[in-house]
Structures are given as structure tokens and as C-alpha cells.
């Protein structure tokens, strides 16, 4: 379970996250929506320990992320993260991209790591591209590669940071399809997204972010069919 | 106009010695590159990430290496350290001088390379649970080395050319050997012309091999 | 040690002047050869860019020699070659000739790259406005190209400034040779090396900083 209490985050003078309280249970899919710059992505970085926080706590399976004694490298193994920019490692082939972390972080043998990598690349539908360098893959394929890379660490949680927003429109579908597949398999996911269709169909709950706070959080159905907050209504009427 | 008689025979006779000495040249240049790359990487990371004395140290090294003559640097490792009671052999004077210089110049190249890599690469590596050391050695540095491959080749050529300063500190690489024979036979022009040709061929070979290697190394 | 000091005079104010004068000689030979070398190099670079086959085949390899043979070998070679063809040149003159040609070879490469960087579309646009070839060169290629090559040119100039230390092997008493003389006399190598280093640094560092800030301003 991911438990966030009164999270405060500043960038210099800028107060980006202003008291976030949030709980994500095992097996749940949470979509986070809201205007750009509302702090959604920063929240994911904080959960992964890639950003320092200035107040509150984030605990993942009982471990406090920002505690000094926490082994972040170990904790991060339980959380896979997929970024907006497809950042596959350009100097490694697809299978090397996926096999690297199991090998050097989890100390798997080379053949084991390759096995895992193969399995995950098949999982995301890249079985034809095992020995291809990222530069020869489309944006959508690179993003699926990034998903496979994260899955290879056998994570308990997957964090998606606007995984489709840098893609050409015709490539968005294949990535969403892969994410949908993961959700159906019971993966616990937090998806920061601008894809309202995905948020509505796939997620259990949806959180609407506004100006560093969670303005409203509810089931997907309630948020989209009858939002309580005026701001939520306004936002949804704009993006629809 | 030409009342000078060229004598090439002695040069031909000592050609094997000159060629052997050019291997010494290559050897010291290669070693100084390896040392220079390792130190240069550390200096560039220090300059980018560190604060306080460590950053200051890196900056001093880089600026001194880049803003003083290579010969001056050689003198420092020769006469300068000698005054402190540290007496290096000619080989180590040249090696130290070239390594110091390579590290300084390469550090600036590496810095540019690191800056050219998107910040998200580091984030992605860390999000997979990699330690900072792994993220650098497995993800960032290999990419940097590719970006700076051609500047690195140029630096290597430069190291080969600079190693000729060895003749001023008594090191018998190609120039030192040339100098030795030239002063023994007084055929200065002939010997130095031969050395020039050997250097020229060496440099061309290095550039050629570097291009060949690039097609093998970088398939992406 | 106590006894030695009485044999050798220690480092004094006179010696600072001696070194300052030598620094002036370093500056003199550098400035003159960089100035002439830049002009010649500019013309060569333009020829390399425009001259198609003839210039590339003839000029290219010749300029290549200056970049592929150690400067110290070039200096010794030319110093000994000049009398053979009937020119009696002293150390300064020999050094000047070689440093000038060396500069020209490096600048030619930079200039060719600079002209190429201006790009065909921009030049075509200039010609379509009715400019003739020389107007295009003067009002389009030159101002844009100069910006593009300025940092590299400063790099070349600083390189020549530092490399001028090598003319000392011919006996020209520039900064480094002067330090060597003083080292032998005063037996205070560390101090003198530090002073010499400071002189070089003072000549080179401000220029490289200036160039870097210029580059930043232009790239904005």
C-alpha cells in the first residue's frame, strides 16, 4: 500500500504540492488528472524518491521513502516508473535495455536476466525487436520498451508519468493498450494522464489535481458522471 | 642553391631503431590517454556536481592544463618535482605531463558530453533501483564516450604529437631517438625529415583506425 | 645547500624583469604569426571550400602535414633546411615562419568549416536578392561565418601562443627558455616555474574566458 500524508513540496519559493493525502491499495488503478503544472508529475517523482520533500510522509509498504535510513535503491525496485520522454538507453539493444537492471541491481545471472527480459518484451508485444537499438524503434515501441524495462524488476507498483503525452497521436493507442493489459493483470498503478478515455475506462479511482492539492478524488464513474467540485466540472468540460 | 649533400644512408641504417622508438611514442601516448580518460571523467563529474574544494580542485586542474604550454607542464613534472626531491625517470615525466594535459582537455569534452545527455536518463536509471555508480558507469559514461569519440581521437593524435617533447627531457621516444642519431651523425635535416614522415604516417594510421573502430563500436 | 646559495645568485627583481621581457618576446612572436597566419589561413580556407578538386588535392595534404607532424620537429627541420636552400634565418625568423604556417594550416580548416556552416539556402537567398558572389561573401558569409568560427579561432590562437614555447629549442629566448636559464642560475626551479606558469596563465586565461563569455552571448 502507498500511504501519503500531508505531503509538502517546494521548488525554491514555489509551493508545488500543498498537503497531499492519498492512499493507494494493492491492485488498485488510480488515475491522476489535472492541468499541466498542477504538481501531478512531481507527486510521482516524490513517491519514487527522485525528489526531496519538505513536509509530510510517503510510506510504501510500511517503509518511509524519505527517511534517511531507507535504502532507496532497494525501495525503487518495488516501483516501476515510466516517464513522459521515452528514455530508453540508446547505447543498448532492446533486450539489453531490459536485462541490465535485473543483472546489476538484482544480481541475476546473465542467462536469467536475458530470460526475464525476453519474457517482458513478449509481454508488451516487442518479441520481434529483441536485438534492435532504440533509435530504430518508434516512439510507441520505445515507450513499451520502457514499460518492459520497469516490469523486469518485478515491481509491486507501476508509476506512469504522462506516458503517452509525448507520442504522435497514432502511437498513443498501443501504449494505452499495454497499460490496460497491466491493469487487467491486477498491477497496482498510479497513472498521471491526459487521456480521459483511459482514466475513465481503466481506473478504479480518479484524482483531480488543482494547484498543488487534490481537489476531488472518487471512483472513475463519480468523477466523470457527476463531479462534486465546480473546478472538476470546469476542467472536464474543457478537456472533453 | 643546393650545395648541400644529402646523406640518407645513415638514416636508413637506423630506421629500425627509429621505428622501435615510434612504438615507445605510441605506448606512452596510449597510456597517457587511458589515465587521462579516467581522471578526465572524474574531473568533469566533479566540475558538474561537486561543490567547495573538490570543484575548485577540478577547475584548477582543467584551467592549468588548458592555459599553460605542454612543455611547461613537462618541466613542472621534471624540474619542479625534482626540486621537491621527487625524481621521475624521463618516461614518467612525459607520461605524467601528457596525462595531466589529456585529463584537463578531456574533462571539458566530457563535461559537454554529460550536458548533452537528457537528464531523464539518470532519472530512468535511478528509478530502476541502480546506484549512482551504476547509473554513471553503465548508462551515462558509455553515452558520453560515444559523443566525445572524435574529440577523443583528436586528443590522442595530440598526445602522440606532444610526446615529441620527450626529447627535451631526455626521453628516447621517436623524437628523442631522432635527436640522438642526429647529433651523433650531424645529419640533422635527414633524420628529422625521416621522423616527420614517420609521425605523419602514424597520425594518418590512427585516424584511419579510429574511423574503422567507430563503425564497429557504435552500431546505434 | 647553504654553500650553494653563495655560488648562485638568488631570484631577484631583475629576474622578474628578465622574465617579463621574455614574456613580451613570447607575445611578439605569437601575435605576429597569429596575425599573418590568420590572413593566409583565411585565404587557404576559402580556397579549400571553393577550389573544388585542385585545391583539395594540392593544398589539403600540404596543410595536413602541419597538423600531423609535431611542431618541434617542424621547427628543427625548417631551421636546418633554410640554410640548405640559401636562407640564413635566425631562431626568431625560423620560428616565425613555421608558427605562421602552422597557424595558417589550423585556421584554414576552421575557416572552411565556418563557410560550410553558413549553409547553401542562406547563400541562395542572398544571391536571389541580387547580390553578386563577393557581396554574398562580404555581407552574408563573413558576418555569420565569423561568429561560427570565433571560438575555434580563439582556440587556435591560444594554442599557438602556448606552442610558441617550442621555439625555445632553436635558442629563441622566450618565456620558457628564460625560465630555464634562470633555473640553472638560481637553483630555485619551483619558484621560477610558478612565475612562468603565472605569466602564461595571465596571457591565456583572460582570452579564453573572454571567448567563452562571447560565445555565450552569441548563442543566446
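Each chain gets a letter, A, B and C, in the order it is written, and its residues are counted from 1.
The rule is simple: a residue touches a chain if its C-beta (ideal position, glycine included) is under 8 Å from a C-beta of that chain, and two chains touch if they have at least 3 such contacts.
The structure presented is a predicted model; accordingly, all values stated were derived computationally and were not measured.
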Ask   = Most remote chain relative to chain C, going by C-alpha centroids?
value = A
Request  = Find me the chain with the mean Cα position closest to the mean of all the protein Cα atoms on display.
outcome  = B
Query = From the C-alpha centre of chain B to that of chain C, how far is it in Å?
reply = 20
Inquiry  = Centroid from C-alpha atoms only, then distance chain A to chain B, rounded to Å. What do you get?
reply    = 46
Query = Quick one: chain A and chain C, Cα centre-to-centre, how many Å?
reply = 55
Task = Quick one: which bits of chain A touch chain B in the complex? Just the residue numbers, please.
result = 45, 48, 50, 73-77, 79-81, 83, 85, 87, 89-91, 100-101, 104-105, 133-135, 146, 149-150, 153
Query = Any idea which chain B residues touch chain A in the complex?
reply = 118, 120-121, 123-131, 134, 138-139, 142-143, 146, 219-220
Ask   = Can you list the chain B residues touching chain C in their complex?
value = 1-2, 4, 63-64, 66-72, 75-76, 79-80, 82-84, 157, 161-162, 164-165, 167-168, 175, 178, 188-189, 192-193, 195-196, 199-200, 203-204
Task = In the complex, go through chain C and note every residue touching chain B.
result = 65, 68-74, 76-77, 80-81, 83-86, 158, 162-166, 168-169, 176, 179-180, 183, 188-190, 193, 196-197, 200-201, 204-205, 208
